[in-house]
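Two complexes are shown next, each including chain A; its partner changes from chain B in the first to chain C in the second.
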Partner chain A sequence: MTAYAGDVLTLARKDLRLELRARDTVPAMVLFVVATLVVFHFALPAASGDLAAYGLLWVALIFTSLLGLVRGFAAERDQGLLDALVLAPVDRSTIWLAKALAMLAFLALTQAVALPAFALFFADVSWETVAGVALADIGICTVGTLLAAMAAASRTRELLLPLLFLPLAIPIVVGGVGASIVEEPGRYLGFLAVYDAIFAIISWASFEYVVTE
Partner chain B sequence: MNALDLELEQGDFALVTGPNGSGKTTLLRLIAGLAAPTGGELEVDVPRAQIGFLAHEPLLYRELTAVENLDLYGRLYRVSERRERIGMLLERFGLWRVRAERAGSFSRGMLQRLALCRALLHEPELLLLDEPFNALDTEGAELLDRELAERRGSATFLVATHDPARVEPLASRRLVLA
Partner chain C sequence: MLAATLLGTAVGLVFFFAPVDADQGISQKIFYIHVPCALTAYACFAWGAWKAYLHLWKRTPGADMESYVAIHQGVIFGALTLLTGSIWAKASWGHWWVWSSRQLVLFLVLFLFYAAYFMLRFSIDPGPARANLSAVYAIFGVALIPVSFLAIRLAEDFVHPVVFKRSGPAMTGSMFLTFCIAWAGILALAAAFYHVELAGKRLDSRVRELRGLLR
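Let's turn to the complex of A and B:
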């Protein structure tokens, strides 16, 4: 295992352990997404059909991920710990990658509840939707973690993060909804994969600048 | 911070004093690479891996135990014989019996002791200590006195403090910020 991978593993394990101890992010995300789906269930007229429901699923997933991202750097922010990580002799992009991996785990856990809940309230969840959600999660974590680090330095971070994240999440919604509703979703899944690749590279390369400036 | 001209040699023990807001913490953050100067020149010929920084905040995860915190930093700083070194530091700073307790349950003085362990863990060549005696009780302060005296000469120190009398005998350089 390379030193880079070892550092990512060390930092990701730390984030998972913190969540396991504090339990203040994943339970909140799960409750939020289930509550949102329940609200949508009663808000959506019975005749509106599955297409509208899939759209609402993606709205619920994006806002739930936002909830997790706001908490992404909470420990570092509240206790001034970003200084300690920046000072450590590791490639600073390992901090981003570890956070993104931890967030990916949180999203996966949340969606393990959200997708069955969606199937219960609205419509079946196809493998295309699951594949779309998996690819969207990668995009959400790569972009979201970078933006969460940027917002963490601001006093108005809770306001700033949605303002930065939601415009960049529009392609994720387009790709995710498309993959969920069309008969041949390959084009939309490919679109999500390209989005993931582009933003992973941008985030990986720019994280050092974000945390040091 | 203006008109500061300072050159430290290896092994120097520099004492930084000055009133609140004079820039003591800023100077340490600049040297640590946590802030960038807006003007002038700053050159630090010490790699990041060889800098030990004790800040106002303990820079410890409250949800992790004392050992887990030090293990995290030990891995990131690639400390050889990590477990032995962690055990030795915890013993030396009187934290061995609380090694499995979460840092969040520690008193401010115990957190400061653990923060000192973190800063010393990788045996840095350059130690930047910001108010190192803060919150330490008499025993803790004496432990730190001993630690500083033992390491003097083998590492370069920059110590910012409101209480210069405590480290005055060790200082080879004195810097008063106005």
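Let's turn to the complex of A and C:
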């Protein structure tokens, strides 16, 4: 188990270091989410109120995470690195877990800007919303990383990922919006946690088949 | 053959045997098509995921093709569910689309999901990679069904007439009998389609193999 954790950390550190040197994903995500919020300001009529803004916050978060996920396996694909990773003497699911952890870090960094920006432009961000975002991030990373690996193996690549991801993201949006707007968000947070657990287990178990033949 | 007999009986029963619904009148008859189509689509998706599981874990030869054909049938019956549900919604509530109908919303989500399944499948060259990725995505599908159902339940209010309650079916005996026969008929139809399509696909792949040998 410690060897497993060590492998995961090594692989995740590789992704974080790549991002630290190239700096192409996180700044793009931050800029995208802020620009989206500005667009939403002009898309929302003045009378539509805070509830609509909370809904749009979740749209912005999902689309921003898509931007990051599309880049997820870009380096591996361009350099032909995925075959080397699969050949490495580690459990294949460590590749998925490391990638998901790196993606979680990217999302957390992006949202550290996005949520204050939302509070500044639109409405207050409650602790329940933050908890919802954190739980949603786990779901986005676990499912999204697996789907990104699938999309990277296909001919259409970037085009395919949103199509694969959005139907699976609908429950996340329901849980997240519910957690942001209702008085008693416990049910919605619990639902997000269940979602995370179910899809993390399936992704963990099936990643091996995505990268091997 | 069985499908034709059962469906013929069902159509007869729907119009001449089952009583007309007191509340909704004649438009309630579409229930005998709509709900069996929905249940059949679920059965097809579950069968597809089961075959996907067999492909991944047991490496059963041919399971990939069977999984694909089952999901293809599922999408066809899913589209029928959306269509009949939409007609029923127009007759009952006056709109072609109602977001408060859970079943319809769930089928819309599933329809999008399985449409993406085809996009995925046809953007990968035939081979083991395509079989594996399709199978993994099919297994995600059966997990998505209950999760989405829960999500829609959490998100939506309650308008769709729910016929099955915990205390048992709220239908008269003759309605329930008609419903069961209609369901059996549509299941048999799906099974017949499944076998026909599978036979066609197998023939196709054998012709391809032979053509490859001749070259």
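What to note about this one:
In the analysis below, the second predicted complex is superposed on the first by the 212 of 213 C-alpha atoms of A that agree within 3 Å, B and C clash if a C-alpha of one lies under 4 Å from a C-alpha of the other, contacts with A are read in each partner's own complex, and residues count from 1 in each chain.
FYI, contacts are C-beta pairs under 8 Å (C-beta built on N, C-alpha and C of every residue); 3 or more make two chains touch, one makes a residue touch a chain.
Computed from a predicted structure; not experimentally measured.
Contacts of A:P167 after superposition: chain C is touched, whereas chain B is not reached. After overlaying the two complexes on the shared chain, residue contacts for A:D83 are found with chain B alone; chain C is out of touch. Contact with neither chain B nor chain C is seen for A:H41 once the two complexes are overlaid on the shared chain. Residue contacts after overlaying the shared chain place A:G175 against chain C, while chain B stays out of touching range. By the touch criterion defined above, A:R92 lies against neither chain B nor chain C after alignment on the C-alpha atoms of chain A.
Looking at the shared chain after the overlay, A:R155 reaches chain C, while chain B stays out of its contact range. The wider contact with chain A, measured as residues touched, comes from C rather than the other of chain B and chain C.
Comparing which residues of chain A touch chain B with which touch chain C, the overlap comprises 212-213. Of all residues in chain A, only 3, 6-7, 10-11, 14, 17-18, 21-22, 75, 79-81, 83-90, 212-213 touch chain B in the complex they form.
Chain A meets chain C in the complex at residues 143, 146, 150-151, 153-156, 160, 163-164, 166-168, 170-171, 174-175, 177-178, 187-188, 191, 194-195, 198-199, 202, 206, 209-210, 212-213. Every residue of chain B that touches chain A in the complex is listed here, in rising order: 32-34, 36, 47-49, 51, 53, 55-64, 68, 72-73, 75-78, 102, 118. On the side of chain C, the complex with chain A involves touching residues 56, 109-110, 112-113, 115-116, 119-120, 123-125, 127-129, 132-133, 135-137, 139-140, 143-144, 147-148, 150-152, 154-155.
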